[in-house]
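Down below are the structures I want you to see.
The same chain A turns up in both complexes below, where it pairs with chain B and then with chain C.
Right, the complex of A and B next:
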């Protein structure tokens, strides 16, 4: 229903504009008359905004908030309530791409970051509390669901929980960003020094290392982890066994050409530290299915005998960064947890026929992840929708009185299908 | 004299008015070159002196004689009785005749702001084929008429119901039709080869009859052969190989294969070709080549748990649990996981199978209770839960009290 409306609005855009212009001109003419005359011609609905006037009659709803900002204490009583993350903690834990761009902008507009406590994230946190991670291969929890239902926000909620639970977090905010750079000029890649068939990212890898060091700053300071193996990144940069891991990370941040190799070293080291019981490691991969695609934005020369194509896309598994994180998915370590989302948004073929996990993951992805717990992320329930709506209204994001009436709310619920993303888009012009 | 008489006569009858007379006199006085005499007075007439017409509009406009049209009869459809026999009105196929069809049909693309063209002189209605001659009573009578040429179904002869019923397009209203079906049943494999009346294969031929210069129709060459897979009595290997050979000729629902021959000019040649194909494919399916054991896991027809990565994952989990000194995964837990995997990968991916898979994995990890949602989309009944406002156009305008105005951007509406 929303999509239909969306496509229609494009077509009738010009029409609506003209209509509004005409009506507003009528308003100005009617204002010159007596008040009685104005009342008589009260057949107008579109009233012009009072520019510069104070917001006297701004619509407002009381939000459903909770003061409990520690996700470890969230229980089923808090379902549907909003909790707030302080800006400092948000900037430390989250990458700019950890959240959806629109939601990130909204957080900046409100000058606060709040998440609704929903069942998918809450259930994963409950499972994690029950598990004894040191006695098993890392369990996997994968969020899946339709577009815009809150998979990424659920991951953000769980990441907040993990950081409070003193996990060392290896988070890739959006795996697909390494493969399909949403830029006019894709980021630089270089053939790897060890294997020229495999490609190293430069700036992306050093960016990730910077994110890793800020996200786990406190934990790395506290743990003072040392490397198990010796690493020779170049003729000069040599780290013997027992050198400080933060030093290796700093090298990667300052030398983008070596950063991808540093990421490989970090992932291997964290695996070993976790298995030794030095720390708990969480691997968080949003859009995990793109790690198994055959297509990226990068091309190489390759002659296909049958199709006579002279080029092909570099498959995802030919990138060092992707290899480093798929290595973390193997079952040869303990004391860790793997959390991710399976999302059809990052499919290059735009196949949105279903969001079911096996279909999207494909054979390789399924074999790499199995056994995992698929956690569905459905749309808002009626109560959650009410809560989300009240939150937006409390921030004066919704400024139309008609939208807050029961009829208006029911109409918006039907238009958005209670999908969080569609709800934000529909409420944007209200 | 004659002229005066005439004038007097007319004026006496009241037909000629006085002003006309004075006009005539005036014209006579003013424009005559000779002085009037009595002789001249006597010979005055309209022919000699045509009346002067000062103003052009006094000329009568030439009026074309109107052609009287013959009175039209009303259309035939207007005089029809409701209880008439329609098959007599429209006995055969014919292009649409508006006067004969008593229906207010409209069809075609109108110019903007106009209604759809009606049936009169409507080329669109005449172009399309109509089935006015194929009304149910007409078909019934036709069938009754040709029934004397049909022979009864032989006793003791039967086909498998998979061959006779259309599983692709099942009949939506089977009860309403009084169509007699071919006798069909699901045969018992032991009985099949002892029952002489059972035919495991159906061969379809279609004949086309029509009046025309040639009695040949090239569509009659097509031969369709349909076989039920159970009747072929294949083992697992040749069964799988045959399915790969026939490709999309296999119908999963009815479990049959259908071979269609239409490349040769004659029906018998096509039928021979179909039988040849069937023989060759069966022979090919039953032979086992030397390289067939090299088939990788990906090419297996269904998921097998033994030897899979899932089994290796469970083994790895057991190993870690043994190292940590925790009770390892039990056989029951593994069995449930295996069944859930089979259900998801072989049975199809649905909300139920994915949830069952998730529960089995949780069970494997030692968590007994599922907390997360069982469905991935719970708004199927959104229109039922909510009391949606009536958003029809009329009530919408009443509700918000908008007066829509013509603002001039639409050129067709006169301002």
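Right, the complex of A and C next:
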């Protein structure tokens, strides 16, 4: 949609010249006002050319980097700076769908993964440091904002923080993936053994368990958690109380048919372990609003009395995996935290009239999440835009000398509305 | 702001941009400006500034008629006349929006592939040899694919001979770009998208390999073989 808009709009560059000039004067005036982030960056920049000298005529800008790669130590001084995650840690913590495709491609191109330190993620981290989680029901932090403003990247930053803080993380990279696949062939689902009205995912559930075990590999080894209850998944697979949690996870990975039931068992066990104080548990759900919709691509036979339709879509709450994670939203446990994002991208109708949480969640979702701390994720501020642009230019993503001039930067700022996603798209063919 | 651009475009398309067109369908609306009466518009900002500073040229241009600027052109660094040409060759059924998107996607893929190689290279020497600018690659590819001779069928004594004739510079640019676009459209499988295929073809042609360069060499060889008919021209 945006590409269409952009290519239509860019034939009017000539017309917007005057407008751009106005904006450029604004930007320069605000930059001379000594913003805290840019000032701090001058003290914190490290040697930027980690890939060696580029060809003489390649466009290049000094990036705003910080050497502080531990998110626990990030403070307001680091606002607007970029920090780097090592490749091994990135592969361990994140699923291929944890970030969107374009950001993943960019990381692959640059052969490194970096995030900008921004206020939404920083504020959540600050709250988490101050709260005493063991004496309260899990607080909920929900990122919301327009498309492409960095909700998913904020979640990624927080997840990095949580893994360093020794949380056991139950992360769903994109809830909507269980309901509407982006592939041609939908994933396999089966009616549940206990309740045939409810549906089990097979491969998706075992994939999630694999992700869970890699993400929390170190923590699970260290904690050696035992199950509280007895679980009988089939006539042969019986786990008495006190058996290893890792063994139950391994069963789910090797037997996709039972994987969904294993996910339910794991979530219930984690709740109890957290309440007992054995470990801290974080539930991370990106695109949480799709758990409360009637929308999926799966159909079942159903005769409607009025419309005479012979089928209907399976609602989200009729899937075992979705039920398992909505169960985690209840207030019957302590020593945990719930982090999510509210995103209209996963709405079937793609209604972009507003991104307000109440409208997107609907009555059901609002009641399930209430009360929560809404964390707005805005577009880049002028300083953040400058930092993002410099990072892209330092990686030679922008190959035009004219684009790096103040006029060029102002033009791109105006066209992208300082939206991170639009900025990437506009700079892509340059 | 983007929405405002869209709105302004809709409004401008409703209002009459050109004087009343002679035909019922304004298909040749730009052609009504005859070249002997109207001058070509100038899109380069620096060139315009030079003109404004020079009094003689300014006075001469002040009272002469100039064609209206094309909508798809601008002075900004997003615009390049040769890239605009490529968009026109890629375009089908007047769908310029799609054509431009495909060309942009092609450039992105070129840049991504080259930058990936650049950032994973180990020595400085390797890095110096990698060209990352998609525009340079596109222009170089066309330069490598330009033929200098063409075969023209000419009838002499009831027999049609394929006669080698020199090709004009403008035509050679057209032929080279068209060959590249056609090579891009001829995909190995349906899984490979047009931008991806075109990007690969352009990179190949830039480094002097690939089938479009081969096509040019074949044409030159054929002309060489038909050298005996050259006097029929």
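Keep in mind that, in the parts below, the second predicted complex is superposed on the first by the 376 of 430 C-alpha atoms of A that agree within 3 Å, B and C clash if a C-alpha of one lies under 4 Å from a C-alpha of the other, contacts with A are read in each partner's own complex, and residues count from 1 in each chain.
The rule we apply is simple: a residue touches a chain if its C-beta (ideal position, glycine included) is under 8 Å from a C-beta of that chain, and two chains touch if they have at least 3 such contacts.
Predicted model, so just to flag it, every value in this text is computed and none were measured.
Is A:145 touching anything from chain B or chain C once the two structures are fitted on A? First, second, both or neither.
The answer is first: A:145 touches chain B but not chain C.
Who does A:411 touch here: chain B (first), chain C (second), both, or neither?
both
For the three-chain arrangement built by superposition, which of chain B and chain C touches the greater number of chain A residues?
Looking at chain A, the partner in contact with more of its residues is B.
Looking at the overlay, does A:108 come into contact with chain B only (first), chain C only (second), both, or neither?
second
Is A:332 touching anything from chain B or chain C once the two structures are fitted on A? First, second, both or neither.
A:332 sits against chain B, while chain C stays out of touch.
Considering only the touch criterion stated at the top, classify A:400 as touching first (chain B), second (chain C), both, or neither.
Second partner only.
Using the touch definition from the top, say if A:378 reaches chain B (first), chain C (second), both or neither.
First partner only, chain B.
Contacts for A:428 in the overlay, against chain B (first) and chain C (second): which applies, first, second, both or neither?
The second partner, chain C, only.
Which of the two partners, first being chain B and second being chain C, lies in contact with A:357: first, second, both, or neither?
Touch partner of A:357: chain B, not chain C.
Is there a shared patch on chain A that both chain B and chain C touch, and which residues make it up?
Comparing the two interfaces on chain A, one with chain B and one with chain C, the shared residues are 15, 19, 402, 411, 414, 417.
Any idea which chain A residues touch chain B in the complex?
Touching chain B from chain A are residues 15, 18-19, 21-23, 26, 42-46, 119-120, 122-124, 126-127, 130-132, 134-137, 139, 144-146, 331-332, 334, 354-359, 363, 367, 370-379, 381-382, 402, 407, 410-411, 413-414, 417-418.
Please output the residues of chain A touching chain C within their complex, sorted ascending.
Those residues of chain A that touch chain C are 2-17, 19, 51-55, 58, 105, 108-112, 395-397, 399-400, 402-403, 408, 411, 414-415, 417, 428-430.
Where on chain B is chain A touching in the complex?
Chain B reaches chain A through residues 298, 309-310, 312-314, 316-317, 320-321, 324-326, 337, 341, 344-345, 349-351, 354-355, 357-358, 361-362, 364-367, 370-379, 382-383, 385-389, 391, 400-405, 407-409.
Which part of chain C faces chain A closely enough to touch in the complex?
Listed in rising order, the residues of chain C that touch chain A are 1-3, 5-6, 8-9, 69, 71-72, 74-79, 97, 100-101, 103-105, 107-108, 111-112, 115-116, 118-120, 124, 127-128, 132-135.
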